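One structure, pasted below without further comment.
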């Protein structure tokens, strides 16, 4: 990590310049990252633990937490399966249209979350293409859990694939070919040779995917319908509480998500630190 | 699919998903088929639906929805604030990356991890936290009142939220490049008599330029589409601090699907142009750094 | 367990990697595929292993048509150039892998697998490293594990792709002698790919010299070295002086100098003559059947001395041992005599 550069040497900035640059960078990060994070916890606890506790155990809050877990619990494993399949196809084979596929996988990152939700309304909403048919068969996708899941899947779609593709690219196909020459079948090959090599990268991708899935706001907001206790995920619940000027409750629920974010960051850093060599370089962002 | 060979009378043009080289590894058909089906169902078909709908509107109706002063003002606000935030992030992102790569100081590892906070923290949480901090009664907002600066519920608030959201992009794009930068080049410049500042401007900065531009473009693209963190702090005053994504949501809530479609499609076109640009920039970056 | 490959061809796009290769590997022999990079030797080896697909041709291993079989059905042991050890498995697990992935009814018991692995560890002299991970091993150790892993499945034939390519010079020499001894004990039909002619000459029973997707010559090390079939083989197998000559009446002429040579070339016309530096004889004076020359440089390398001689405007390299060099007592600029022995002449087209 450039440790060698920290010691004084002819090439490098003067001590004053160094301190000034470090100071400015830390001040910037402090004001923009640290203070807002602290504010969430301070605001949540400013009326005491009792008020905090009743805010997070409020039935609507609890149902929002449940819904968030449910949606992430469906969307993340599905995107995991996609990520593994896409990475396998892209990194172990040469085929026409490969770079197109890789570009398309990244597409959701460049679409506004609001549009990510909206496209489903246009398909499955009442005025959507399949709206009348769904209505006739009494199936409701929008403003219900399936809609939340679809919007979340769209938004978190690239995470796992994006982490795995560069990682598996670096690893090449040598070990898989060796396994084939030793008589391993397809499933054994993946389970015993490929998976152990990519497990930490996979976990890393799942972690990021999950953080985004639980915290997604814009896409989910569009397809939710904001029905309390039914289609409100935690981020949406926060919005409602905030707009009702119930700041303590809003920050209390927000603090749960902030804790999730912190856990994600700690786990991510731990993975990078411990298994840095087994993660792809420059992935994850 | 894996059993087809490319040679033969049918191998004209390019056929997507055709193996260029047979492989002994199993599962191409399954993994490719699954990935493409999944991608189509979740991403491509819904996006195509939006595009088809907007084409179906006809250019006149499309233009009528876009050309209102309110919509145009929203585009102006979105672009201006996203540009400003991306510019701020480029300057400070370079600084943060530099400090993290080149210097040693206590708590460096924690600071490094914290840079990713905006990726991990849900946008609505960031939104309400920033709004509370920068309102006239908030910790920071109250300090700015005597200076005559109002942040919350003004375009400045939007820039603030977008700066938060886009902060990791420049840092994380520049950091690995800076890490791999060959120190010998700097030593060479130094031995040829260049000052530290000259070395930075003439040797280091040009090497970082592709990464900086990529980071800038990524932060800008993210800022353009951002919704959650902005709506709380923006105040959402039409023609002043109303962003495009909010306008889309409002049209949807009023069941004006035509309006939402037109605005969203315009937005999407800009996003795709940006994506194309980012891809070109990354190609440039790869050629530079191998 | 012989291997019979006939008329194997393989293209990559417009590039002809293998051009109708026919080759027989005898049971129990150690055969080297020798050639420069791009000669198709690795592609051929991978086709034998089933890791690549031939466009046309047929392949029999042990009398059984094999091209349609998957690698797991072929029972071929393959040793990869960069070892390709499973990095998350210990040495023990790496070697056991091929036995563990067998279908239940063919799979030996745990105890039998352990016993087999330990036998192999013993064979490759690595018993004490069973619990180590590949990252903890040296290059030579990794290659021996890779070999043990390939042998674990009791292969009918053993294929090795540049087995010593990634090792440093000293380990390389040790390991190839060890491999030769191992082969002498086990007598498993083996094919190895190399671009190092010294390695092929030292280790192999027979050598197949390849160039541009074709076989140039097949023969024992002595045959290919002493009687190269083509100019390419001569050039590739060891250092050689390359001289452009003119052939008339069964004699080769090197601009003015008549060389009295055993010529296998009937046709007259421009040709290329090869002569190895150690077959160039130097005389203190111009003796009979010698041509006059001038010493341009003398470099002593260990036990030998290398002379660069100007023979009528052609630079010819000669290598003599140090004793002889001392006896000659020549210095740069001195006049001397030179005699070319063992000259091979090939027509220009080959």
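Labels A, B and C are assigned to the chains in the order they are written; within every chain, residues are numbered from 1.
Heads up, the rule we're going with is that a residue touches a chain if its C-beta (ideal position, glycine included) is under 8 Å from a C-beta of that chain, and two chains touch if they have at least 3 such contacts.
All values derive from a computational prediction rather than experimental measurement.
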Chain contact graph, described as a line, ring, star, complete graph or other shape: complete
Which of A-C and B-C has more C-beta contact pairs: A-C
Gap in Å, rounded to a whole number, between the CA centres of chain B and chain A: 15
Intercentroid distance (Cα basis), chain C paired with chain B, Å: 55
Between chain A and chain C, centroid-to-centroid distance (C-alpha), Å: 54
Where chain A touches two or more other chains, by residue: 177, 180, 185
In chain C, residues with contacts to at least two other chains: 50-51, 70-71
Residues of chain B whose C-beta touches two or more other chains: 21, 24
Contact set on chain A toward chain B in their complex: 1-3, 5-6, 10-13, 18, 21-22, 24-26, 28-29, 31-37, 39-40, 43, 78, 81-82, 84-86, 88-89, 92-97, 100-101, 103-108, 110-115, 118-123, 125, 127, 129, 150, 153-154, 157, 173, 176-177, 180, 185-186, 189-190, 208, 211-212, 214-218, 221-222, 234-236, 238-239, 242, 247, 250-251, 254, 257-258, 260-262, 264-266, 268-269, 273, 281-282, 285
Contact footprint of chain C on chain A as seen in their complex: 174-175, 177-185, 188, 192-193, 196-197
In the complex with chain A, residue positions of chain C that touch it: 49-51, 70-72, 76-78, 80, 82, 84-89, 97-98, 101-102, 149-150, 152-153
In the complex with chain A, residue positions of chain B that touch it: 14-21, 23-28, 30-32, 34-36, 38-39, 42-47, 49-50, 53, 92, 95-96, 98-105, 109, 111-126, 128-130, 132-133, 139-140, 163-164, 167-169, 172-173, 176, 179, 183, 186-187, 190, 196, 221, 224-228, 232, 244-246, 248-249, 252, 255, 257, 260-261, 264, 267-268, 271-272, 274-275, 278-279
Complex contact set, residues of chain B against chain C: 7, 21-22, 24
